[in-house]
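Okay, structure first, notes after.
We just call them A, B, C and D in the order they show up, numbering each chain from 1.
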Amino acid sequence: MPSTKIKGYEIYYEVYGKGETIVLLNGIMMSTSSWNSFIDVFSRNNRLVLIDFLDQGKSQKSDKPYDQKLQSDIVKGVIDELKIDKIHLVGVSYGGEVALNFALKYQENLSSLILANTTSYTTQLLRDVGKCWNYAAKNHDGRAFFKATMPFIYSVEFYEENIDWLKKREDLFVTIFDDAWYEAYIRLVDSAENLDIREEIEKIKVPTLIISAEYDITTPIRYQKVIHEKIQNSKWVLIKGSGHASMYEKPQEFASNILGFINTYDEEIKIV
Amino acid sequence: MPSTKIKGYEIYYEVYGKGETIVLLNGIMMSTSSWNSFIDVFSRNNRLVLIDFLDQGKSQKSDKPYDQKLQSDIVKGVIDELKIDKIHLVGVSYGGEVALNFALKYQENLSSLILANTTSYTTQLLRDVGKCWNYAAKNHDGRAFFKATMPFIYSVEFYEENIDWLKKREDLFVTIFDDAWYEAYIRLVDSAENLDIREEIEKIKVPTLIISAEYDITTPIRYQKVIHEKIQNSKWVLIKGSGHASMYEKPQEFASNILGFINTYDEEIKIV
Amino acid sequence: MPSTKIKGYEIYYEVYGKGETIVLLNGIMMSTSSWNSFIDVFSRNNRLVLIDFLDQGKSQKSDKPYDQKLQSDIVKGVIDELKIDKIHLVGVSYGGEVALNFALKYQENLSSLILANTTSYTTQLLRDVGKCWNYAAKNHDGRAFFKATMPFIYSVEFYEENIDWLKKREDLFVTIFDDAWYEAYIRLVDSAENLDIREEIEKIKVPTLIISAEYDITTPIRYQKVIHEKIQNSKWVLIKGSGHASMYEKPQEFASNILGFINTYDEEIKIV
Amino acid sequence: MPSTKIKGYEIYYEVYGKGETIVLLNGIMMSTSSWNSFIDVFSRNNRLVLIDFLDQGKSQKSDKPYDQKLQSDIVKGVIDELKIDKIHLVGVSYGGEVALNFALKYQENLSSLILANTTSYTTQLLRDVGKCWNYAAKNHDGRAFFKATMPFIYSVEFYEENIDWLKKREDLFVTIFDDAWYEAYIRLVDSAENLDIREEIEKIKVPTLIISAEYDITTPIRYQKVIHEKIQNSKWVLIKGSGHASMYEKPQEFASNILGFINTYDEEIKIV
């Protein structure tokens, strides 16, 4: 799979299928490989682009601090490299924040914007959560890191039903996450620390879908309310019974919502 | 547009487009013409079938009481007439109740089942609401009927924003609804009075999507919880900020959810 | 029990017990006798005053339209008659609206203000609901009236559990509500039609408790949110599992909340 | 203030006021001194008993693991020492869990039971949260510990409004929490790890009030639903706008609910 140099960093990406382009932006702990189960469904009628952000997956590690605006420039770099003019940009959590930043700078490249489990500003509470995660990450201790982060990611319902799978994931964390991963992770957390674009996002005019999850405690529903109120005519749906990682807990509902929006965003249905 | 004789009644239906078939079943006060704004979006990649139930729109009026099972037989009659084997069956409210009945009797004809703002049983409260509606209907007084029914149909948010449109609709009610319409309407309400298939719907095994609306007071979210708990692996989403008539209040979200599900129901996304 | 002439009308009231005074203001369909089960608990350590509003219970009927400001003057008249300076004013629904009006005009007479299931403005939807109720009332038909109003008053949960009690109440409606009752009722509904004091209630500075009910569809939680945001430092609690008539559905929680607030309102508990 | 030997441990407690006895049981990070602001309001008409659990505040530290049943025996020991027969037992979070255990063993000593922000079982997710807290505690690093725990304790709304107060608390953590405190804290967390009395609590028949908080993510509303469904006729209220530490975020509502219940629990209000 290809990579390209953007802003001085080697950035890894993957491309599948044909049709209008969907770009999926990762959450903070994810990478292109997190989307394996989704490749078929999203590339059936669309070109699908996956990207590892700077400091994620197979992309280069950074040697200095940065913010999410740089990540949005990286997304722009990838679509330029692919000579794509218009994309449906889908972001989850951290990826949604980057997507908002992208929309503010490169709105003309967007056919639509889809924000799952996203906030437009890092609250004081989220900042402390991030610092706690970084604290666990600094010790490069997979089990501690897992226990510091997972309760923010999954609903208690998912936890109870999938405890064996979760414990296997914890074993995996211990095995595969090395020091470099943790250092990169800490920089990713820090890059979101000062996010606050509440006053700017009203400039976003492209068709926008906001996806909330009922039991999301990391970016709870009222965070998306802020976005909904600012982005005029944004559409807003909620996935029942899911925690923050709606793509993992309710993958079918997650994909269905996104593909439904992409298939209908350009067809205004006028009733009133 | 065609009609056909089913169970002794002349039943009106409309067909648009090509592809896998979507059948949209009306709410109680609706008719095929209520879907005008949706024809384009639903027939773009699909064959779309609209049906006026017995006692609705251009279908024949009944001369005796009946229940929703008869309406599900009527749906079956239409798809047989069209020689269609598999359908995506979408029902809203009353139509969702008929869709559930259809699924219980003709499950082999379903590719998927989509239930918007639906209940699996008529509660004592809904029964009294129905009787109040019939009381207003019996007087064939459009303004009274409008005020008895609309507060159950729309959210207060929609009411406030669209009061002029609503008042125009009220004027319309007065003009177009004649005695025969009210008599038919009363029979439709009565046909749902004894619905209670809570214990049966666990037999439904086809991919099912349940759509709730945040401010639905006629079939509130907890009615759909009953359905979700009974139909194994049913998917469940909620449209934010909408009342009972989610297709009118949030048409884009309504269509998007349905088309997204129809595009993904056969592609199992396995994470855990 | 005594009555007194206020604003030209003979107003009926009842007084029980000793201590700081609690005045309970009726909902629209209630009267002093609706509080029978509550007299003991509210008069144990307090003086309790019950009042039939103009056009309610044993108070005089009006011969012309009026608004809720007149009802608040009537409350003032009763406490003046009783030579009471300070009261805890508790209103439910219509009574809460009168209580808000009272607070705007006679704030110096309030020790505290308690608003159960209350709105600060009559929405377009509520206006239509009121007109539907009046439509049923105009026919002086108890059964129709019952079915037009009860689904707005009780939760579906209460309905299912207490259907026999409700049907007995319906029989009672038919028996005891006479033409004069219905005429008075219609005037009461009309007196609330133009309520909109959203912009004024920020002037209310007395300790205020707002009580919502989880399943209230007549004055849903978001109506109380408006009040909470306007009245600085107002306290806000919610009774789980109850519909609009929280005093009937959850009498213990209703009384407990009120008495708890009355016992603590003057003792500021400072943590931060 | 006195202490007494119970089960071999020196247990510290405080007693204020006269009247029916209220016993307030601490949350896990609290001590008797956490209730300073509440002493006046709770002892005005009642005898108030505060207790430091084993491993809390001025009570003795344990030298071995234990579970919450031991803590309930300690509560029993204190009231025996005080020769009190009947108490209103109020527990918050960890204290609520001990209160449930107390009710199962010493129900005859209860006038009423009040459970704020309580669960009847430690979910897998809570267990991992506990382990994360212990991880931070093991390093005896106040700032890390603060950031690991506070986001579970307070709502984002409280966080935003009181960030200065929170930062001062963090400074305090660093200063006053010594190694012994952290060791004790870890044992307290471990004592709750295996809580699961879901199948037993239906035996609780005393008047019970359940207090939820709208934004509680540690013991969210659906944890209290389990308790409400099991304890017959338990009453259930919710404090709007509060996180897990409802006593800190909404002290007035917290105290009001408790005192209201204590003043009304013995006065059955019968409507239906």
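Keep this in mind: a residue touches a chain if its C-beta (ideal position, glycine included) is under 8 Å from a C-beta of that chain, and two chains touch if they have at least 3 such contacts.
This is a predicted model, so every value here is computed, not measured.
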{"item": "Any chain in contact with subunit C as well as subunit D", "value": "none"}
{"item": "Longest centre-to-centre distance from subunit B, chain (CA-based)", "value": "D"}
{"item": "Subunit A-subunit D separation of Cα centroids, rounded to whole Å", "value": "38"}
{"item": "Gap in Å, rounded to a whole number, between the CA centres of subunit D and subunit B", "value": "49"}
{"item": "Subunit A residues counted as touching two or more neighbouring chains", "value": "none"}
{"item": "Contact graph of the chains (line, ring, star, complete, other)", "value": "ring"}
{"item": "Residue numbers on subunit C that touch subunit B, as the complex places them", "value": "123-126, 128-129, 131-132, 135-136, 144, 146-148, 150-151, 154, 156, 159-160, 163, 166, 215, 217, 220"}
{"item": "Subunit D partner contacts - residues on subunit C that touch it in the complex", "value": "37-38, 40-41, 44-45, 162, 165, 209, 212, 214, 228, 235-241, 247-248, 250-253, 255-261, 263-265, 267-272"}
